[in-house]
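What follows is a single structure, and I will ask about it in a moment.
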Amino acid sequence: MKKVKDFTWKSGISVKELVDQYSSIGFQSVELKNASDVIVKMKKNNAKVYLTFTSNMVTSGLRGFFAQIIKLKIANVIVTTVGGIEEDIMKAKGEEFKIGSFDTDDTELHEKGINRVGNLQINNESYMHFEDNILPILNKLYEKKKRWAVSEMLREIGLMLEDENSILYQAAKNNVPIFCPAITDGSFGFHLFLFQQKHSDFIVDVVKDFGNILFTSSQDESQGVIALGGSISKHHAILATLLNGGASYAVYMTTAQKTSGSMSGATTNEAKSWGKVKDSSDVSTVIGDVTIMFPLAMISAMEELKEDGLLDL
Amino acid sequence: MKKVKDFTWKSGISVKELVDQYSSIGFQSVELKNASDVIVKMKKNNAKVYLTFTSNMVTSGLRGFFAQIIKLKIANVIVTTVGGIEEDIMKAKGEEFKIGSFDTDDTELHEKGINRVGNLQINNESYMHFEDNILPILNKLYEKKKRWAVSEMLREIGLMLEDENSILYQAAKNNVPIFCPAITDGSFGFHLFLFQQKHSDFIVDVVKDFGNILFTSSQDESQGVIALGGSISKHHAILATLLNGGASYAVYMTTAQKTSGSMSGATTNEAKSWGKVKDSSDVSTVIGDVTIMFPLAMISAMEELKEDGLLDL
Amino acid sequence: MKKVKDFTWKSGISVKELVDQYSSIGFQSVELKNASDVIVKMKKNNAKVYLTFTSNMVTSGLRGFFAQIIKLKIANVIVTTVGGIEEDIMKAKGEEFKIGSFDTDDTELHEKGINRVGNLQINNESYMHFEDNILPILNKLYEKKKRWAVSEMLREIGLMLEDENSILYQAAKNNVPIFCPAITDGSFGFHLFLFQQKHSDFIVDVVKDFGNILFTSSQDESQGVIALGGSISKHHAILATLLNGGASYAVYMTTAQKTSGSMSGATTNEAKSWGKVKDSSDVSTVIGDVTIMFPLAMISAMEELKEDGLLDL
Amino acid sequence: MKKVKDFTWKSGISVKELVDQYSSIGFQSVELKNASDVIVKMKKNNAKVYLTFTSNMVTSGLRGFFAQIIKLKIANVIVTTVGGIEEDIMKAKGEEFKIGSFDTDDTELHEKGINRVGNLQINNESYMHFEDNILPILNKLYEKKKRWAVSEMLREIGLMLEDENSILYQAAKNNVPIFCPAITDGSFGFHLFLFQQKHSDFIVDVVKDFGNILFTSSQDESQGVIALGGSISKHHAILATLLNGGASYAVYMTTAQKTSGSMSGATTNEAKSWGKVKDSSDVSTVIGDVTIMFPLAMISAMEELKEDGLLDL
């Protein structure tokens, strides 16, 4: 059994070295190091890796990190919410978000045309520019065909973006499908609706896309899930792996606790009862803010994978 | 300014009397009483009321309460996640869920064919019976037409159920639309997919349904949102009211905190920056478990509305 | 195994009836009903009941409820923090606290001489009046003797107050000792220090008081703990019961989660590993805001105890 | 106004580099970088630094880090709970704690004589050995004098330990006082009680120690507080700085939220209303697990202080 070890700082300590020491500190630091280890195992054992995140993480600077993880072929399937799609496109088109404060006068912000996401801020103009950008995109899609599965549509859009830090761009370039089961739940949905008003034969086929996510893997293949935050992005990936026999590896990172029975707070253990993860799987649930924890766990895993020559640099 | 008052018990105290006293106790009890007051105001001012909840609340015994609230015409529009749809149908068809524990051996549960949702349990058989029930339903829908908006589909299904405690049944009977923006994210989605495999012209039109939720209200009408838990059910209702000029009343009840910038934890204040709720709106954010808090706030509001002859009993 | 039951409202529903129904709703509502049952069992089995709470609960209107619980001989031993002592005395002397908001301009409040506790407010004057009141009290104590155990001191002070809603008054009158292991951690501590500067032989003997709390019970007696919130008030009661063989009944109500390894979030299960509660004990941990949950669970228990003729009304 | 920047990994990235990038990611990562900056400012401006932590952090491997921080003269005053004192002594005497799991069979652990603190474990033997060690220590203290302020007692004990990683040892060696306002709330308290049973003139003078913490600073000096977790350790430091005119710098790290009005969740803003921190102070409240976050923020600060020649290496 592992012992608690006194941690001490050495000047110049790397992220990898710190995360290694987390394993003998205690509480969530132990779980974080465990999460990092599970990620390494996923890749070493050639599991199909499902990475899920919510839109607020794309609002944040994690967006470029997600793009990098796709580029390095660490994630093989992405599931996110539509806000994440919108904001990735906005940023690819040059929009800039600002860092503000959790405690602000929101009425004042509203008057200034600033929308708040926690301590981050998005200007109304960014949404207007998004509107300008999305219409020609929908026109191009419609010219190609009338009926689109969501992931196919997102792949086409990704190919139109030219931004190394774009999730959609890297995903399209690296043949990583992006799933978004509630594609209408945002500004994008509103523009789809307006477009369909003029083109009633334009169809977004969510049912077909369920087949697409199912066929991203198979019962013969092992699967790993990295679920950041809760929401349907988490649930959708787990559902897909459940229908393929259950994930062999799972890492959940969230601030939601299990005590209210919510999906967002459901643990990797609860997942075992459903067969969402296999009984014998390697799992880790870490409680805390993803913007702090995910870079730590993932960087540590990446350094290790690189050492072992398993990263496609 | 209101003063803190010492609370004391009187034998036989009613829920209404307790919630009234919450207003002078402090911390979340004050917010809960405020939430109750905002609900009363919504109804007194004839606002269009959007009630949103997540599937775990339908797993719980709140399901019958939601049906009652619809029946009493307190809620005018429902937004939920697909798990809530599935479980409402299961229960309408006689399936029973059990009360267990948050701390269980999930591998053992899995072997017994029991799926855990917090401290509640659903048997695998319930999902199998759901499969048996859903196929004839899909066949009937397909006979009627090939292209369905989600809320239209759910209305048809509701009409087929015969259960006073069913959300879908009461909604259909009382012309209350149910929206579910991620309809494929569950067992229901899997069956839609299988059905479409045989009937490729069968289309679930989520884009059209976005128009449907938009037209549930208008800029001329005032709107109220009661969002229980987070997730897309919360976001979708707020998005709809945003596009109609912003809600005049909003009650959020959740265990999620605002500190991670998630949608689930976003407060009614943050909503003001977006125009999701009007700057001048009556709002309340209550932190805690919905299974405890929602009955309290809603019962108190119902008793008051009844006294004022505003309940359709 | 208990089944989930659909909850529906009946007009005029009492708190007792609602809490009874909580047992078949799910998630924390189930735990809350369980907590109520454990409290009933404590009393039916003549356990020595330790009630602990933190100072913010005395800031709130729960203060009168605690006094009533002591008066009704439901609680036999009290453990709290010094802020709770101070504010009980302030209120007994006529000070009034106000209900404000969690989101305020704290710099502005500071300029106005208002101290904030969550959404409650205490004026600087209340602290000044406390100073005026505490000096003559300390003089009287010093005249009696020079060396005081904390609980003895608090008993003397209680006897000087004339307020039915006062915790100290009811405790003194009903021979319920109040323990406060960190008596100097507040304004009271500062006044003790000033007093000792003039009277160096004035001693507050915390070590002796540890003996006093140990002797509130014995290995022959069964013990029950109701711990509201975390902090040393919770820990101190549990430590006392541990040294007397472990509690047979324990109810923890808190917003703190177990995931950081803190005392405040430690569960009744964790307590079993220490022998703080017996392996065979009846325990319940409920997550949520005490100002909402404690009245519910306790009222329900009180109604049941009253029915059974077990309340000293 | 700062912009959100896409984060990307570079192999070999140091902790300092990552924390620097946190400033443009979002949500709690921004707050964490801010906390690091506030710590740097405290030291650059020669503030008296109060470091507070709870006992579970001493159970964890942070213990050695706290000792190092004292040795490097970053912290000038320590406030903790008695469990932290006990476990520091145990570890100094060679006891070893183990890393287990949050989900265990606590009845089984109890039978094995293992006490659980979150996912950490302490053997009963460690407590027995503590008993063996503490008795001769108390005898030595008693020979020196009969009446002890807590911090004086802890200094004497620290001088008897020989462990570079011991908090008490480093504090004693570097003239850093350790305050513990509830010294009896633990195993140590029990042994003090047993000792006093035999030596009734043995007095632990907590009132005197309140004067000692007051005189650790003055109105002329600026003060900084780093409060890890909540509890009385946090409150006691803030109370001391309040009585000296309010802290100029404050960093709070905790998992407790402000929504229940608890001390543990009280923010640096709430502190402003009390004058606990000055209106113009530099403050930061970070939400999350201290075992992950504190090393990050503190290492980043230490690297910067070292660069500027401000660390006493």
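Letters are used for the chains, namely A, B, C and D, taken in the order the chains are written, and counting of residues starts over at 1 for each.
Methods note: a residue touches a chain if its C-beta (ideal position, glycine included) is under 8 Å from a C-beta of that chain, and two chains touch if they have at least 3 such contacts.
Quick caveat: nothing in here was measured; it's all calculated off a predicted structure.
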Between A-B and B-D, the pair with more C-beta contacts: A-B
Chain at maximum distance from chain B, centres defined as averaged CA atoms: D
Intercentroid distance (Cα basis), chain B paired with chain A, Å: 26
For chain B paired with chain C, centre-to-centre distance based on mean C-alpha positions, whole Å: 36
Centroid spacing, where centroids are CA-atom means, of chain B and chain D in whole angstrom: 44
Junction residues of chain D, two or more chains touched: 26-28, 56, 59-60, 103, 118-120, 257, 259-261, 269, 287, 289-291
Contacting residues of chain C [partner chain A, same complex]: 26-28, 103, 257, 259-261, 287
Touching residues on chain D, where the partner in the complex is chain A: 1-9, 11-16, 18, 21-32, 56, 59-65, 67-68, 91, 96-100, 103, 118-120, 165, 269, 287-293, 295-296, 298-299, 302-303, 306
Touching residues on chain B, where the partner in the complex is chain A: 54-56, 59-60, 81, 83, 102, 104, 106-107, 109-111, 114-120, 147, 181-186, 189-190, 192-193, 196-197, 202-211, 214, 229-232, 235-236, 239, 243, 255-266, 269-275, 279, 289-291
